Amino acid sequence: MPELSYDAYREDVVGRANVSDTPELIDYYRRLGRLGTGALWTVANKIEPWQPRSSSVPMIWRFQDLRQDVLRALDLVTPEQAGRRVVYLENKGRSDVVAAVGWLYAGLQVMKPGECASSHRHSASALRFIMEGSGAFTNVDGHKMTLGANDFVLTPNGTWHEHGVAEDGTVCIWQDGLDIPLMNALDANFYEVHPELQQAVAHPVDDSLAMWAGSGLRPAGQHWAKRYSPLLKYEWAPTYEALSRYARVSDGSPFDGLIMDYVNPATGGPVMPTIGATMQMLRPGERTKAHRQTGSFVYQCAKGRGWSVINGQRFDWRERDIFVVPSWMYHEHANASATEDACLFSFHDLPVMHALGLYREEALGENGGHQPVLS
Amino acid sequence: MPELSYDAYREDVVGRANVSDTPELIDYYRRLGRLGTGALWTVANKIEPWQPRSSSVPMIWRFQDLRQDVLRALDLVTPEQAGRRVVYLENKGRSDVVAAVGWLYAGLQVMKPGECASSHRHSASALRFIMEGSGAFTNVDGHKMTLGANDFVLTPNGTWHEHGVAEDGTVCIWQDGLDIPLMNALDANFYEVHPELQQAVAHPVDDSLAMWAGSGLRPAGQHWAKRYSPLLKYEWAPTYEALSRYARVSDGSPFDGLIMDYVNPATGGPVMPTIGATMQMLRPGERTKAHRQTGSFVYQCAKGRGWSVINGQRFDWRERDIFVVPSWMYHEHANASATEDACLFSFHDLPVMHALGLYREEALGENGGHQPVLS
Amino acid sequence: MPELSYDAYREDVVGRANVSDTPELIDYYRRLGRLGTGALWTVANKIEPWQPRSSSVPMIWRFQDLRQDVLRALDLVTPEQAGRRVVYLENKGRSDVVAAVGWLYAGLQVMKPGECASSHRHSASALRFIMEGSGAFTNVDGHKMTLGANDFVLTPNGTWHEHGVAEDGTVCIWQDGLDIPLMNALDANFYEVHPELQQAVAHPVDDSLAMWAGSGLRPAGQHWAKRYSPLLKYEWAPTYEALSRYARVSDGSPFDGLIMDYVNPATGGPVMPTIGATMQMLRPGERTKAHRQTGSFVYQCAKGRGWSVINGQRFDWRERDIFVVPSWMYHEHANASATEDACLFSFHDLPVMHALGLYREEALGENGGHQPVLS
Amino acid sequence: MPELSYDAYREDVVGRANVSDTPELIDYYRRLGRLGTGALWTVANKIEPWQPRSSSVPMIWRFQDLRQDVLRALDLVTPEQAGRRVVYLENKGRSDVVAAVGWLYAGLQVMKPGECASSHRHSASALRFIMEGSGAFTNVDGHKMTLGANDFVLTPNGTWHEHGVAEDGTVCIWQDGLDIPLMNALDANFYEVHPELQQAVAHPVDDSLAMWAGSGLRPAGQHWAKRYSPLLKYEWAPTYEALSRYARVSDGSPFDGLIMDYVNPATGGPVMPTIGATMQMLRPGERTKAHRQTGSFVYQCAKGRGWSVINGQRFDWRERDIFVVPSWMYHEHANASATEDACLFSFHDLPVMHALGLYREEALGENGGHQPVLS
């Protein structure tokens, strides 16, 4: 069916397209359409907006609303049937690509003691952030790592990996973060099941930390050429300690409080080429100012409670709640407690923005740097 | 309206999701949907395909089919109304994002002598490849360049630029190539009109070539920190000469004949961070073998005639025809002449693939490396 | 006085110079000499040896031999007169350039409580390794750091710096390591006294550790563009702990046991562009095999006792002893204790070798990898 | 023999060493000497000068003075005896290391038609700049290149290479440039004779130019990971043309006129990791201002005539004359002709300075930027 109107995106601004439909033009547009073409001026203002207009919307998923349904998956499907028992988070504006925000996927995975998923690898870069339970482990290319609450672990692009929970553990829930949608968007998504379904543990447990977690130290003569962090696991205790130490000497960022990036110790760069991760601390009573960035963010509250204002909308969060900030939307954070600090974990696509030269950042100048809260 | 079926993507393969709908599960899925979530196993096999499945299709646009309609834009709209008189190429599978293939935009622009578009800049990286006419010029950040047929010129991300045709020139047609769709997809697209609509010519005409076109020579002490090529323009004569010289000492690639990348002389890297460009020569009678790559390509025949087989489909082309190869589709090329060489210009997103660590390439092993031609 | 013989370096090997002196040639050589020239074949074999022949010799300086004379400097000279009270280590083969080995300078500095050297900066990169005493501190560009035994601190090329001992401290001795000889050799040595003789403490004490010592974590948005480590100080306790952890998962290197490089956490690279530093642990009873490298090393025993065989010569060492390994000389290490580990600190010029593409390494193949001990 | 005086380097400046000899101190110094040590304050001001004090001196070698003696080597020695018939240039201040300036070696090599040196390789990076004769060629790792006057060719660190003159050529003289002295200084000099004395020509003659000399073009899919330029040869005609084009759009540098670096087209960086090379053009009548740099330079006049003032000393030069500028000495250049341009080729160690973070540059501020000519 031919379109009825071609001039919906007109702008009366010098240098912008501003052509009204006429019968002659509509004929022309239809003929162009039949040739597999179109007239740029009918869509130019739409495809060249003045600034980014994300189709993602700010959203929050509260853990108390989801927890029971996540646990219910244990009874409803077996790992053999389901592959993985995961409830994914679906952004209202991105349901076609199964994304939580932008091109980032997020889900809550649940597993029983004694279970272990089958080993596989894929183009998507992946991470897990442990939410509850004991005994969880991950095996990445033969490096087995044990995991506790607020631990952060990588399963990078191209690595064989599998997750499980020890026999003597408890039911575990963790957040999965991946860039599956980006890999599909870029027509670059490959998937492979491990020929033996389970890979061997080829190194001492947690050996990657023993080798790469030294502060300002690395094994001599180990040339690390891969594009992800050899550290693989970042534990909560030293992360919280690092933030606490940082808090003693710095005010941090006016927009994000005490904020530290998880990095590749072999390069100082991001943990994976397409996904970065960050932990930030808001001091008791701290309230930050608004800024916006090119880049999409999935946050999880790791500690405490507070709220964020995103694009004029307030979202209250507490431990384990997950919320998202779409690209180029103003956001600011507040710690709701006057006595306890609050910590936010996030993962994001800033490494993509930097790799392609697209990173921009802007502070909100008006109103003392705070957004009016519209809802 | 709730979905009726959730098990459309089942695969009976170990390690893949294989859950049949039951009334109880459908209830569960609907409740998850109301929470802004879903069950991963209902979509896992869809979003994690075994290998890339591009939504783009191979297509060709023949210049003889389009030329009259492109010229007709001269009469139908003024530059003031239209901004630019451009007929864009629309891939059947990508009309929602106005792309010729993948996230790449391509269009044919036409301009009369004495016209000059208004100056602007944007996040999208852009290029032009001159198809016909004399007197065309581009001004990039004050560097004015004159342009003839088969010349290739950059208007990189963030540079002020404008195109025009000299008073004593003729009607000019050129191909525009941009990554507007990618910039929109990444929520990173900014657009600005120059405050004075026209920028000054701030340097001697074609000065970028005088400084940067030396073979293995660069101005000493000129630190070039921008992420695009300071050369800006690549003329046809030295390009063809370089290919001819290359042909005398090498067989080139079995898949692409004599193939050379346009590069940034200050780094040896791609001309822009998100778009690369290439010129290749097929010797008289040469027929290449099939391979596939992660990456999308827009080709234009710059010289000669021949055909390409893309994903089993044959496309015959001659000078000025434009065709596209979607990501991970086999393609092979043939020169139809036994006496003349044929040259293909292309631009592509390989720099994105490399920057993000996603480049892969595979030769077709069967059938002597040639695809069966299905259509 | 003209030379009497010009054929001292003859070699009877095809491709090498092998010209005997004749009266006619000697006349020719003398005339060339008067023109500010010479005949290459008279010196070719000398200046193009088959492999490196360092003019440095392996040496050890035992702390018990030096300690009294180092302390004596306290009485003999004031800091005002001497600048710094330092006893430098002089390699027998390098006395002309005041080097301990190769182009590396090493000295033992002593300071009393309440003293503080005047602030200055220089092209030479410098480091200190604390040997004894309490209350030592260093101020680098306003970052004050407190120092204890076996702590390692940088004072990089171009930074204002000064050392002192707190009023309530004790007499302190530390090892200075610098590349003063290299800076002179490269005709690139600049020196400046601080206009105010003492610089202010501009940051919280030990703030560089609070910001950069996190394991796999760095302050977000802190772009570190300088070519040295922002961490500046590497404390002994976490260093020893990192080695101990490493020992639990790895056998380390056959040549160097458990060996870790001190690195720049912002890049993963060496601590300074011209000097690298390393700490290695030999397990109880461990004895390594011999290898040789292009690069010069100054070792200090930080813990335990043992011996090293360097170029066939055995050197027994215990805590605080300093010894050197010249470039391309075989060396191997042994821990003399069957129950305690031994630790060796070293600094070296491997970053220079890597930066210039000159690094080579070779294992000793014969005799089970062990050198015959000649002395 | 013990030294008689230890206080020769005293400076009466706060922050500098200023200790007078006393009998007690002299005793102390002698005891330190016996321990393989010394007191830093006796040498501190010497080894930490306020700014670089090169031991090299500015010098010129005029071709007319040397040419006959260079040619005479043809009669005096055979290539078999001498290896290579080369007259090297010896800086008065650097005769101990056989350097023309700093750590750079330069020599004039002569060869007869039909001769070819034996193939070898070494750690030193090398280059040739052709001075006269026809038929010269170089073979680098199987890439044979033909050479004419003012052509510049590389024989990088680690490449097998050999030079010769074709049977139908004439006697050839070229300038050799190497960093043999630096390789020895760094204890990193290896030398090897080719097992077969002559290597095969493994590629079409001059294939490196056919592949890499394209202006802003490079063979696609050729990953060049070596640290030197794959172009290998830089011919005079396109070099002169590039300078002439540059002259039409730029005033060039106030210190060096139109100056272009020879670069590695695969990276935009220097031709070799330890030696850079440059060609500069002085316009008719041009006279530049003085500056100084950390770095040593060997110049050869490739065209025209003029003079340079180096450290206050005037050196007049014409085609084929060679002169040197030591590190951190002011230098300025003048073209003596009012009608012809003059061109200076130079090679230098700036890549070393940059790799190690030691590059500095300073313009002469006084006297309109011109040095008083002292001699």
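Structure notes:
Read from first to last, the chains carry the letters A, B, C and D; within each, the first residue is number 1.
Everything that follows uses one rule, which is that a contact is a pair of C-beta atoms (placed from the backbone, for glycine too) under 8 Å apart; a residue touches a chain by one contact, two chains touch by 3 or more.
Here is each chain with its UniProt name: A, B, C, D = NADPH dehydrogenase.
None of these values were measured; they are calculated from a predicted model.
Looking at the partners of subunit B and subunit D together, they share no chain.
The chain with its CA mean position farthest from that of subunit C is B. Computed centre separation for the pair subunit A/subunit B is 29 angstrom, with centres defined by C-alpha atoms.
Separation between the centroids of subunit A and subunit C, computed from CA atoms only, is 44 Å. Here the spacing of subunit B and subunit C, counted between their Cα centres, is 53 Å.
Along subunit D, no residue makes contact with two or more other chains.
Annotation, chain-chain contacts: A-B, A-C, B-D, C-D (touch as defined at the top). Here subunit C touches subunit D in the complex through residues 13-19, 24-25, 28, 31-33, 35-41, 43-44, 47-54, 56, 59, 61, 65-66, 69, 72-73, 76-77, 81-92, 97-98, 102-103, 105, 107, 118, 120, 122-124, 157, 180-181, 183-194, 197, 227, 273-274, 294, 296, 326-328, 352-353, 355-358, 360, going by the rule given at the top. By the touch criterion given at the top, residues 203-204, 206-207, 209-221, 224, 229, 231, 234, 238-239, 242, 245-246, 248-250, 253, 256, 259-268, 278-280 of subunit A touch subunit C in their complex.
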